[in-house]
Amino acid sequence: MSSLKLAAITKTRRTVVQVGEVKIGRDLAVIAGPCSVESEAQTIETARAVKSAGADMLRGGAFKPRTSPYSFQGLGIGGLRILEKAKRETGLPIVTEVLDPRDVSWVAEFADILQIGTRNMQNFSLLKEVGRSGRPVLLKRGMYSTLDEWLNCAEYILSEGNPDVILCERGIRTFETYTRNTLDLSAVPAIRELTHLPIVIDPTHSTGRPSLIEPMSLAAVAAGADGIIVEVHWRPEEALCDADQAMTPAGFTGMMNRLRPLRTFMEKLPA
Amino acid sequence: MSSLKLAAITKTRRTVVQVGEVKIGRDLAVIAGPCSVESEAQTIETARAVKSAGADMLRGGAFKPRTSPYSFQGLGIGGLRILEKAKRETGLPIVTEVLDPRDVSWVAEFADILQIGTRNMQNFSLLKEVGRSGRPVLLKRGMYSTLDEWLNCAEYILSEGNPDVILCERGIRTFETYTRNTLDLSAVPAIRELTHLPIVIDPTHSTGRPSLIEPMSLAAVAAGADGIIVEVHWRPEEALCDADQAMTPAGFTGMMNRLRPLRTFMEKLPA
Amino acid sequence: MSSLKLAAITKTRRTVVQVGEVKIGRDLAVIAGPCSVESEAQTIETARAVKSAGADMLRGGAFKPRTSPYSFQGLGIGGLRILEKAKRETGLPIVTEVLDPRDVSWVAEFADILQIGTRNMQNFSLLKEVGRSGRPVLLKRGMYSTLDEWLNCAEYILSEGNPDVILCERGIRTFETYTRNTLDLSAVPAIRELTHLPIVIDPTHSTGRPSLIEPMSLAAVAAGADGIIVEVHWRPEEALCDADQAMTPAGFTGMMNRLRPLRTFMEKLPA
Amino acid sequence: MSSLKLAAITKTRRTVVQVGEVKIGRDLAVIAGPCSVESEAQTIETARAVKSAGADMLRGGAFKPRTSPYSFQGLGIGGLRILEKAKRETGLPIVTEVLDPRDVSWVAEFADILQIGTRNMQNFSLLKEVGRSGRPVLLKRGMYSTLDEWLNCAEYILSEGNPDVILCERGIRTFETYTRNTLDLSAVPAIRELTHLPIVIDPTHSTGRPSLIEPMSLAAVAAGADGIIVEVHWRPEEALCDADQAMTPAGFTGMMNRLRPLRTFMEKLPA
C-alpha cells in the first residue's frame, strides 16, 4: 500500500453516510432500479416495485457511458426530471451517475448520491468536482484498479472537503468469460480493514447474469458489505442497456425476503 | 461453454461424495489442517485442535509443489505415515495432494480424498490416473483457468469411471496484489448451475491473508458452497510453507462458531 | 468485434496525419521528451537533445494524472508556456495531454497533438471535446481495454468530425510484475488489419524499464508500427514523475542510430 | 525476483544448445511443423516444405494435451515413428512434446528436443524427469506464469544436471479476446537480461491468427529472440487441432524470405 497517510485510511471512526433515513455504513443499504431511465412509466413502476420490496434508494442513469458513440446515451436532463418525479412518488432518494465535470453542479440538484462509474474512477477532474459538490459520492472501483489506486481516488474526493464517500466493488476484468467481470468479494473485508469508508457491491455488472445476483448479494452481506446496488427493470428483455442482465421486480422481492434476515442474523452472531 | 455434452454437466441428480460420515454435496464439509506435514507433533496437535473445533477432515501435504526446487518439498511417505497416525488418533479422514501419476496408487492407500493442485489441473496423465484410483478427488481450479476448462478437467476424471469429483475454487490470478490471488466466489453459484458436482472454496491460498479467511468462508456458505478447505497451523509463523498465511487453532475455532450456525440459517431461509 | 460499421474501420485508405513536416502513418514518427515539464532548462535541454538525435516531435506533460492527489500534478499553463518556448527553439511540434473537457479549447492553442491518456480512454466527454478541437489526437489504449473498445473510443472522436486520430499502445495490465505493464505488441498488426488509423507504441510506460525501451522500439518497427512515443529526461533520477524509467539523451541517441536504419530496411524487404 | 541465486541466472556465459548443425543461442533457430502428427503424408510433406523454406528443425506433437478428454489426443508412438521417418527423409531434428514422466525415457529416443507445454510448466515431476533425460528441453512459459516462476522451472531441469534448456514465450492469458493469448514480447529482452538461457517465441499459439504470425516473428527477431517455433500445416483447414491457426507452407516460405535477412541486418547494426 502506498496510501498509508491518506485521510481515507487514517481516520479511526467508521464513516456513516446518511441519506434520508438510511445510514450507509451502519444499516444495510439496498439501492435498486433500472440501468437507465427510459421512460416515466418504466422508472416509476420500477421505483414502486423496489420500494415495496424494501429498497432504500432508487438508482437510474440519465447519462450512460456507452462503449459505442452510436448506442443509447441516456435521456439527460429529461431523465433526471423523471427520477425527481419517481422520488416524489415513492420517497426514495436518488443515486445517479455524472460523467462530466461541467455537469456536476446541476446534476447535484437532482441527485442524493452522485455516482462515479468504473470508467471514470481515475477521471481526476471529475473526482475533484464531486468533491466540491456537497453531495455524497458512490465511487465505483475501476475494473482494472487495485485497492490502493481506488483508495487514492477516494482521497481525491475527501481532500476537497467531502467526507461522504461510499466505495462500490463492481467486478474486475479477468480472463474468465462466463461472468461479465469477476466480482472481487474479498475487497469487502479488505476495504473494511484498510479504511473507515463504507463499501457496497454491485452484483449486476460484476456477474452479468441474473441467476448470480442473489447468491452474490447474500455472500456480500455475509462478508460484511454495507449494502448492494442492483439493477431491477420491470421488463428486462426490453431494456435499452444491459438487457437480460437485470432482475425482475419479482426476483428482487424474493431476494429481499432473504437478504435482510441474513443481515439481522449476521449482526447477532457471537463475536 | 464448449462442455454441453459432458458427464460433468448432463447428470441431473446432484453428486454427493461420502467420506466417512461426511456427505460432501449435502452437509457443509470443513477440511482443515496444515499446508504441509512437518512433524508428528505439529500434525497431530493441529488435527486434534481442528477436530475439537468441528472440522470434518484433515488436510496436509506430504508432497509440496514449490516454485523453487530448493524449497522444502514435503516429507513424502514419512508425511503420509504421520497423516495416517493423525487419522488413527482423531478419526478425521485425510485429504492430501498427489503430484505424480506414478505415485497415485500407493498414495491412495493413505488418502481418503486425493487432491489435485492448481498447477496440475491440466496435468492430464495425473487426472486419468486419479480417475482410476477408486478414491474421491478434490480438483482445484487452475489459477489461470476458465470454468469451462475446469469442468473439462473434471471430465477427464469422470470419464475414467470415477464419479466422486469435488471442485475447489482457490483463487485466480489477476492484477490485484493486496490479496495473493482473487477468490472468484461467483464460481460457486456458477458451478452449481452448470454441474451436479459439489464445490468447496479455499479461503487461504486465494486471499493469502488470515484476516480475510473468515469473511470469505462465511460468504462462501451464504453463496451456497458445499464446504471449505482451510489452512490451520499450530504455530503459523514457524510453518515451512505459506508461513503467516494460516489461521491459528483459536482463530479457526472462533470461525467455526459462526460458520455452522450460518449454514443452518441459510438452509431455513424461505425458498 | 462489435465495431464492424465504425468509421474507424470502414474507410479504405490509410489515414495519414500530417503535423509539421511529419506524416504519421507514412513516415516513422518519433516523439520524445520528458514525462512532465518541470522547468524551462530541463525541457529545452531535453528538446534540443532529442531533436539532435532525430526526434520528430516533443512530448511533455503540463497536466499529470497521478494516482495520489498529493503527488506533483504538473505545472499547468506554466508548463504549456515552456513547451511553447521549446517549440520555438527547436521547431519540434508539441504533443501534450489534456485531462479535462473544460481545458481542451485553450490547451489546443499550445498543442500540435492532444494526448488522451490511458485512464481517460473512456472519458467520453473528453473524447467528444477533442473531437471538436481541430487538433490531431493521440489516443492511448486503456490499460484494461480490448481492441474493440479502443476503436469505439476512436469513433467518439471521428464521429465529431475529427479524422486525425493516432492510436497508441502503451501496455495492458496483467499479472506480470517484472514489467510495469505488458506491452501488447500484437496490437500493432491487429490494429493495422482492423483499421486505417496509424498506431504508435509507448515503450516507456509499458515496460517501466529503460533497458527494455530499445528492444521493444525495434520490435515495434519490425511489426509495422507507425512510430514511438518515448520518455527522455536529461537527468532521469531527478524526474518528478516516473523517475528512473526514462531514457537518457545518450541512450536515446544510440537507439535512434538503429531505429531509423531498421525502418529503412523493413521498407525494402521483398513483399 | 526471488531467483537471484539460481543456476539459471548466475552463469555468466550465454548458453548455446547445439542440435545437429544448429546452435540455439547463437544462430537464429527456426522450428516449424504441424501442431500434431496426423499422418505420414501430412508430416513428411510439411517437413519437406519447411526444410525447403529454410527451417532448422521439425516440430510435431504425438501426444496432445487437449482441453476435452474427447478431443483427438495424438497418435502416440505411431506419431513418433512418423516423425522419425520425416527426420530420415529431410535431416531435420525433431522437437516433440512429452506429457507424462513415465514416457520421458522412451520419447527421448525419438526426440532431439523434448518440449514441455504451457500447461505442464509447473509439473515438477515431469521437469525433473526431463532434467535426467540427456536431451535438450524446450520449456514453454505457463500462460499464467511470471518470469520468476518460469526461471525457477528452468532451475528444476538444470538442477538435475541438464544444462540445455531453451525458454519459449508462447503468450499469457489476459482479458483481450482478439488474440488467443497475449504474446509478451518484452519477455525476450527481459529474459536476456536475467539469464544466460536462449529464448524463442511461439507466434502461433500466442496470437491464434495466421495474419499476425509474420509481424510478431519479425518483431521477435528485432527484439533479440534466439528463434521461433511456428505451426505450418500443408492444409490448415483440415488440421485435427488448431485448425485455421497454422501457416501454409507458402506463407511460411514468404516469411522466411524476410526473417533471415532481418536477423543478418540486426547483427550488423552499430552497437
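A few comments on the model shown:
Read from first to last, the chains carry the letters A, B, C and D; within each, the first residue is number 1.
Keep this in mind: a contact is a pair of C-beta atoms (placed from the backbone, for glycine too) under 8 Å apart; a residue touches a chain by one contact, two chains touch by 3 or more.
Just so it is clear, the structure is predicted and the values come from calculations on it, not from any experiment.
The chains that touch subunit B as well as subunit C are A, D. Counting C-beta pairs in contact across A-D and across C-D shows that the higher total falls to C-D. Averaging C-alpha coordinates per chain and comparing to subunit A, the farthest chain turns out to be D. Centre-to-centre separation of subunit C and subunit D, using mean CA positions: 34 Å.
Subunit A and subunit D have CA centres that are 48 Å apart.
Residue positions 144, 148, 173-175, 177 of subunit C are each in touch with at least two other chains. Subunit D contributes residues 2-3, 6, 65-70, 99-102, 119-120, 122-125, 142-144, 148-149, 152, 155-156, 159, 173 to its touches with subunit B in the complex. Residues of subunit B touching subunit A in their complex: 1, 144, 146-148, 172, 174-179, 182-186, 188-190, 193, 206-207, 209, 211-212, 215-216, 218-224, 257-258, 261-262, 265-266, 269-270. Across the interface of their complex, subunit C is touched by residues 173-175, 177 of subunit B.
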